[in-house]
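So, here come the structures, one by one.
In the two assemblies presented below, chain A is common to both, partnered first by chain B and then by chain C.
Right, the complex of A and B next:
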């Protein structure tokens, strides 16, 4: 009797699990897995989206190997990642530590304030920052003028455009990432920190000796996801600069977008996407492997 | 125990498959065939044609009225009108819809998309629906712009030309008269630039719109892009270098904003004081009479190198029919009833009420002479005969030219270097 009741309950649970997982699984297959497989398939064809596809074997891949504009755009993606990931990591970790030192309403208020930009859609955020960046009439330049610094072109300058875009992406994501670190730090047992203090460790030593190693899983998560996000950056650049000026912000995904839709080279665009996918996969695996090894050694 | 586990696992799998099946069934019932258009029509019911536009405001209202009037007068054919975002329309939406067989029966094309779609065989041949009178009524250069391999693949509905808008107050305050030559335009732009304002706003982004604004300068320098007998396009010419140098000079001198907060076509750049002068089109006139009524805005022809009669460019939308449509005849009847008929009401209303543009047909111009001589329209009408239709080139050529413009604006390149590079990229194959 007991066993049969148990079986019935397990059956019900399995049904419930299937119903909960089902829609997500379908979404994953339909919107992620199938498009990836289709992109791989299309990458072996010449296809302008409208005429019938023409099988051309590895020609798209041979072409991208010598496409200097593609590799330049990948270089700009790396440039974005090299600025964005460390700065995001450092500032949001610093903010999280500061949040833990504050108490009560100040801490909650500050956390909410930093999280607010995360709720703003990227297009709105981009437009807002374009107002701020405007030369001669923008608030940011008005502020610089007060400090005696002349007007800066920001997104209108090949030298400043990438950093200007990174600032917007940071503005959006700092609050969220600092919340991740904040939660991780709050989960460290107080007894460990107390023991360190009794042993005479100062705040700096406690941070490097206890806090930082113990929040490693969150650190890895932040580095991996922000690296992936860097490689996928498109919407903000599309709104703010469309890759300009003079291609200074033409990152890899934008190059793929332009090839695929502006020039209707869907086969070539798919081959570029596949290569980017492989690059991202390799970077993520290296990051995960590196961390796992550190964890084991630690 | 084991068997119970297996049963529940099987149940879970069945559940997942059932939901998947349901979703697939839902999606397939609403989809269209893989190759056909989206029109439908049972043997005894009316034919329904899909028509996608991207207009907003008075233009959208006008298109809706046209569709509703047509539907009321035609019980056997019904037009289903859908409005989508303009950015999506010209980039991802139509190509992907053409790819998966869900593209509308009736669509708008412009020079950039016309060639792309025509190259791909996506546009139906409309030659049989053109009467001889209609062909004669349409300005010859415009008719040529919708001709592809001797076939007429679209119906032009408007012409939008470019001019130089300026803030009358700002120019008067600096004692500047609107420029007539290239040298005057450079000098005026510099003089009108101060701490709070730029001299002249020009399009800056790496887009077809920037190229559209550049064509008149190339033509005024005596240049053009031709396809040689070797299949290569002639871009690296002294005239191209001269025009590129001219366009880039405003950015290198700091007289033009290097990024624009509002669209480069929006005359608000002059009205709100971003710049004292701005290159924009006849489509901006309506805003000067409504949104920016308080500003004192004038317009002159684009300056020419020596102050002689300049050249402007005429863009504008054309209506086309999807080659995969199952009802090409009905779709053609709809667009020709509006913009190709001897009844000029729809064609006239479009360029005089919905918006301000020039019609593609002489008869429509003649029928609305008074309107074309009101306010800033009179200025545009004065140089209307200097317009050349926006040319249409393969994407590799237009992208190479857009890059050349970026190079002279921001990359510190000379016109000659940028033209040389563009020649190589455009013809790289």
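Right, the complex of A and C next:
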């Protein structure tokens, strides 16, 4: 094959590639990357969407550094993550291990059952749980009364609201996360587990000695993605509590949402978005580092 | 001994499953109750009525369901085409700036929608796309996960089929459309479920980008009903139950593929 022919072929392939990948690439740049750059730009301005933008330098960033409401909201986000991530991890790993102890059809049926809430949308899940959480008349309180426990306010009280919201998010995601663990455990070679049993290791020892170390990539994935999800939790809170009562569930992203869309402080909202974005980027990079190391080890 | 243990595990798991499913049961059973009986825990059939469901089936709900169906279908179909093509190009073609292209895609993979909600709204507003169907659909198309999964799939795709088609005089696009795409079912099915459910369930983006009643999606409709304070609970619950049915139908038909999809791809 002559060089000119090879060049022509390569050129044709480049054109084809441009055609195939162009639309997606343009879309990603315009609707994912451009917004971030635009947010950085707008964060140096005061802007309410209506009157012209006014350059104010770093004022938005100085403001957020001393904005106690913002830091309080980030505290709520951390509170959510500290409850949600460990509980999700422990229960879904426990479920996954239990699934592997059962035989085919029973296991598959139960897995589908736990996965069912995943098909319920977050708005419907919020609606449904608000209904269940109703004070005095709600089903959950009726159930507690049966057990001799008095009525609880749930999302109606600052003390219980956050946990009540976490329960809803757990309810939605438990089945899905346990599926991730389940398929990771199933990929462990049976010979390894058999060898451990022949060595006299009991179930508990086998789990901590073999299963848990071998599913580490999945564990890291679950911890990081559920942490990122904790920082992003907005729709359910928006429907169930709108941050209340007494700001008990006002998480970081909700604060950004309110500043931007309720009060039309787009400049300040952009600065907050940039900060939130950097936090999430750092978490993602940590994940990337961990998974790289795992790939090298594996 | 082992048999006893697996029975105990089975029973505990079943009890947990019941606890997980009961709220969904409550959702559907409560739709058959009245305003007065909706808070009464009872399975007695004499309290059953379709009154609440009839009340919930307003033109507003039906219109919102239709809008959600249009938006979700449009996003799913177009996204499948775009991502399959992009993934195919990344797996098969050699072209300049391939690495840079890949880095852009990898970068956008790490950016969840909520974190760019405010700036995305500003960009879409600059493009005069707020309060339009396009504004509801177009920004939801671009999802790097789809590209990655297609790319992975096409790495393992046998080249011989394409070469044969090209010898028959088929162009690259023709080959892709006639040979490659129809054989991509294993990756298209789980991604279709993921995109359709993801878009159907999306509340934040339609809430932010659209204030026009004509384009209201079902999630926004439901959320408005709750915050409206004057809608009785029996109607709210019945509307929620109605709007979850399309998703459940999809879920039941594709649950095996969905389970396998999660195992093999890790996607939602």
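Note that in this section the second predicted complex is superposed on the first by the 255 of 298 C-alpha atoms of A that agree within 3 Å, B and C clash if a C-alpha of one lies under 4 Å from a C-alpha of the other, contacts with A are read in each partner's own complex, and residues count from 1 in each chain.
Keep in mind that, in the parts below, a contact is a pair of C-beta atoms (placed from the backbone, for glycine too) under 8 Å apart; a residue touches a chain by one contact, two chains touch by 3 or more.
In this text, all values refer to a predicted model and were calculated from it rather than measured experimentally.
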| item | value |
| --- | --- |
| Which superposed partner A:290 touches (first chain B, second chain C, both, neither) | neither |
| Which of chain B and chain C A:262 touches, first, second, both or neither | first |
| Partner chain(s) touched by A:239 [first = chain B, second = chain C, both, neither] | second |
| Touched partner set for A:155, first chain B, second chain C, both or neither | first |
| First, second, both or neither for A:21, with chain B first and chain C second | both |
| First, second, both or neither for A:55, with chain B first and chain C second | neither |
| Contacts of A:247 with chain B and chain C, given as first, second, both or neither | first |
| Partner chain(s) touched by A:82 [first = chain B, second = chain C, both, neither] | neither |
| Of chain B and chain C, the chain that contacts the larger number of chain A residues | C |
| First, second, both or neither for A:135, with chain B first and chain C second | first |
| Intersection of the chain A residues that touch chain B with those that touch chain C | 10, 13-14, 17-19, 21, 23, 25, 29-30, 49, 130-131, 134, 137, 261, 266 |
| Chain B-facing residues of chain A, complex | 3, 7, 10-11, 13-15, 17-19, 21-23, 25-26, 29-30, 48-51, 130-131, 133-137, 153-158, 241-248, 258, 261-264, 266 |
| Chain A contact footprint on chain B (complex, rising order) | 1, 4-5, 7-9, 11-13, 15-16, 19-20, 23, 91-92, 95-96, 98-99, 116-117, 119-122, 195-198, 204-207, 257-259, 261, 273-274, 395-396, 399, 403, 406-407, 409-411 |
| Chain C - residues contacting chain A, complex | 5-6, 9-10, 12-14, 16-17, 20-21, 23-24, 26-27, 30, 39, 41, 82-83, 85-86, 88-90, 93-96, 98, 101, 104-105, 107-108, 110-112, 114-125, 138-139, 141-142, 144, 147, 172-173, 176, 197, 200-201, 203-204, 207-208, 219, 222-223, 226-227, 233, 236-237, 240, 243-244, 247-248, 250-251, 255, 258-259, 262-264, 266, 268 |
| Chain C-touching residues of chain A, taken from the complex the two chains share | 10, 13-14, 16-21, 23-25, 27-36, 38-39, 42, 49, 95, 98-99, 101-103, 106, 108, 110-124, 126-132, 134, 137-139, 142, 171, 174-176, 179-180, 182-183, 221, 228, 231-232, 234-235, 238-239, 253, 256-257, 260-261, 266, 269-270, 273, 276-277, 280-281, 284 |
